[in-house]
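Every chain is named by a letter (A, B, C and D) in the order it is written, and numbering of its residues begins at 1.
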């Protein structure tokens, strides 16, 4: 029997790759006089998925992350699982 | 004396607001035969900031989240703090 | 219990509903009336005024009343076109508000069975800090939708004034192409047909004034239950557009109606009313994005990217297969029956049942005040009679936010997709190729300052300005569309200004014999008692006689004669950019329409065969006056040609900076001057020879003392603003 | 090329949300070739000689431009055909899809301005790939760009290898062919506007929109003619 799990992906540019959106945001925050040194921006993706158990869900998550949800040339991702 | 904290913002569309990107991604994952029911996409923002202490950093985070990092009409956000 | 006030109806209107229904409406019915009798849907304040606009013309296929006007372009093609506003939503959420404005007008065009080929955006922004943020978001939103759905934005206009601080204007014009043998609209639904709702699942988006009801239905009010912002999904919009056009192209639908303001309520009611049929709509069959949506929410939701089609039974299977092929969600939500009612059911339970004659046609119109014509008298403000020229004004006017170069905005719009764009947003008028012989010229304008004091004069000026632009191409105007933007019509002054604006448009359109085939009215653009200037956005579509070789608007050669066609007998600066710079408020002159009509004829004739008329270049005179028109005609990439003008010293400022529409600057091969003189004389039109182009890159004026503006400096002002020079 | 050498057949793949497909069909037909529109759900390709992935916003550009289309069923067949040497051309969104699929090196990130850019642009041919033999290196072309995500990037250390292997096809340049920061519209590394890998070619500019002088340029005509091996039509 399967149940629903929630996978949360955090996808971001690999370190070392320029993040212009982060830089622009940092500049604006500095103009607003926040003592900000660095800003990085990425996306989160929350997926509700049917799976046999948490390990299975996580394995599916790894697969989806590699196949679709991140671009391996530029991005890295982490995925965590939670039962719903 | 101040030190550096890392603030992590999770910004997302308020529930009830259409998430076309999530919808399209869900459809493709389903075509790829993942048993996915729902996908929502949002962004994370990681900010390194100088502050007196963790509470202070978090208060600044709340402020930045409202003033700049989220669009209060459509989005809500959570912010967490970690000493660096 | 909801009352009429909760849905925005007046005591009188409620009485009228009870009288017409011969009973009290139930809660859902009250909601339907609240939506359809709103200003937005019923045009109760403006409809009697709009009746003054001319609708008839040789090329009109469909006048006002449909989703968009339609005019005949050629023996093969019709054009559907209309302006729509999305002012308030763009203030609340600039990106999505503007994006859904684009999506909305495109669906209007598609609902006429036409394939959109061009967009134009008409924008008015305030001048405070918040306006900068709004501008960025609005421009982003327009681009996001138009670029992604793949319709080029080919022209537009932008203006600034603090009167728009809390009420920016976002009006969008869309133009679509339809084969002549296609006829579809909201008025063809036949009993027996099935109603299909396709596209996005319905959510709680933009349910105006519905929060009260929502909370009643749910017992407790939570964040999620409040009305939410409409989000544009151009991807779904593209699928919906293709599916709808395929359905229409295959002749499968007897009626099509897009879902816009007031969602299913207005689309079903209007479709039933226009087709003179009854509709039974089952809300339990509507796909919802969220659980437990009430009938009221379903009927009032403004979720975008939805379309209603009415399909005869024998075409149903083919239609559903086609919709599925586009992977578009859809459901059958009801059927068309004999009758004249809109009945909303949930399974077997009837939730609402109202005659569409009452719902759509019954809203009491605001009568036109009997003394309106006296109220609209010319409002003349005194003008200076003689002003010495300050050369700085040249830079200031050219660099004024309303005259300045716009590439920072239009670069963000795809203007080349569709491979029709011969002239795009870097020209005053867009030229599109339809096929090898047919072409369209499209122009928009919204000269708001002209209507600030005397709105009738401004309305006249706006129409003349739009027609003057397409006349530079020798293009024959087929129809006009107008977007009226004004304040709160319940206030006498705002009403009078709106009325004056419409009256001005009507006068000009009548005399110049171009029909208005559709448009939009946006009222209540007023915040804390501060109303916007009454603002008419005018769009014109015209048949271009030689779309592959537009008549040029820039000069690259010395020794051309420079003439003014139809300069005013008395130039006045009222309503001009220069007046604003000088801190003067004046009223825009009422233009001599008869003289303009003759001039339009002369120019059209000559520009249709520009080579044989020695017409090297032409520009219509508008904001910034003759000075700006000339300066812009010299802004070629190399900027190596200038002009020398001989103008009388005493009227120099008036001659250079008056903005009286319906005059043009012409660059003529010297040998052809007499030909122009003859053509003008034959029609009693003034032609004033004012100078010559030179190989020195500057504007030189000889009139009394000599004044010189180097092109390089003018270019900086044009690019970066008038205050840039020397500072 | 299949049976009829005179008239090559070009398959143009339409994904949901593609919006330059019709422009591309017209361009191909204008060159005297046959255009067939191919549905993204196809598992097998019909007999075609060339493949184009046209521009547009496949799947709304959601998630990442090109990513969702790269997972479409037809892409398995595209991959197979490319492996056997069929010429494949990705324009704008098609370029993004090919990168996402790994058929071309690198990735296209959002323009650093965060804004869409539509303008005319000159590009220089650095290294004409296989199939473009008639197009001399150094040729300067005037073509329109129109994209939000055109900032070309490669994995660390990959740039040198791209140049070494002659995979850099086009660079944004001035009208004399000089490629420098001032004429880089989108922060692409080394001004790269197009790359190749084997028989697969991708570029951000839109040759299909530059088919006639009255549209602003006819360099796209020469470009596509060269790719199709229609020498008579090449005038660049």
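Throughout what follows, a residue touches a chain if its C-beta (ideal position, glycine included) is under 8 Å from a C-beta of that chain, and two chains touch if they have at least 3 such contacts.
Note that this is a predicted model, so its numbers are computed, not measured.
*Asks:* Count the touching C-beta pairs: is B-C or B-D ahead?
*Replies:* When B-D is set beside B-C, the one with more contacts is B-C.
*Asks:* Rounded to a whole Å, what is the gap between the Cα centroids of chain B and chain D?
*Replies:* 35
*Asks:* Calculate how many whole Å lie between the centre of chain A and the centre of chain C, each centre taken as the average of the chain's C-alpha atoms.
*Replies:* The answer is 42 Å.
*Asks:* Averaging over Cα atoms per chain, report the distance between chain A and chain B in Å.
*Replies:* 10
*Asks:* Residues touching two or more other chains, restricted to chain D: which are they?
*Replies:* 59-60, 62-63, 68, 71 - these are the residues of chain D that touch more than one other chain.
*Asks:* Give me the residues of chain C that touch two or more other chains.
*Replies:* 233, 235-236, 327
*Asks:* Residues of chain B that touch two or more other chains: which are they?
*Replies:* In chain B, the residues touching two or more other chains are 20, 24-25, 28, 32, 41.
*Asks:* Mind listing each pair of touching chains for me?
*Replies:* Pairwise, the chains that meet the contact rule are A-B, A-D, B-C, B-D, C-D.
*Asks:* Write out the stretch or stretches of chain C touching chain D in their complex.
*Replies:* Chain C residues touching chain D: 140, 143-144, 147-150, 233-236, 238-239, 326-327, 410-419, 421-422, 433, 548-549.
*Asks:* Using the touch rule from the top, collect the residues of chain C that touch chain B in their complex.
*Replies:* 92-93, 96, 200, 203-205, 223-225, 228-231, 233, 235-236, 289-290, 303, 327
*Asks:* Under the definition above, what is the set of chain D residues touching chain A in their complex?
*Replies:* Of all residues in chain D, those touching chain A are 63-64, 67-68, 71, 99-100, 105-107, 109-110, 112-114, 151, 153-156, 187.
*Asks:* Quick check: in the complex, which residue numbers of chain B touch chain C?
*Replies:* My answer: residues 13-20, 23-24, 27, 71, 73-74.
*Asks:* If we count contacts the way the header does, which residues on chain B are in touch with chain A in the complex?
*Replies:* For this pair, the touching residues of chain B are 2, 4, 10, 12, 22, 25-26, 28-29, 32, 34-51, 60, 64, 67-69.
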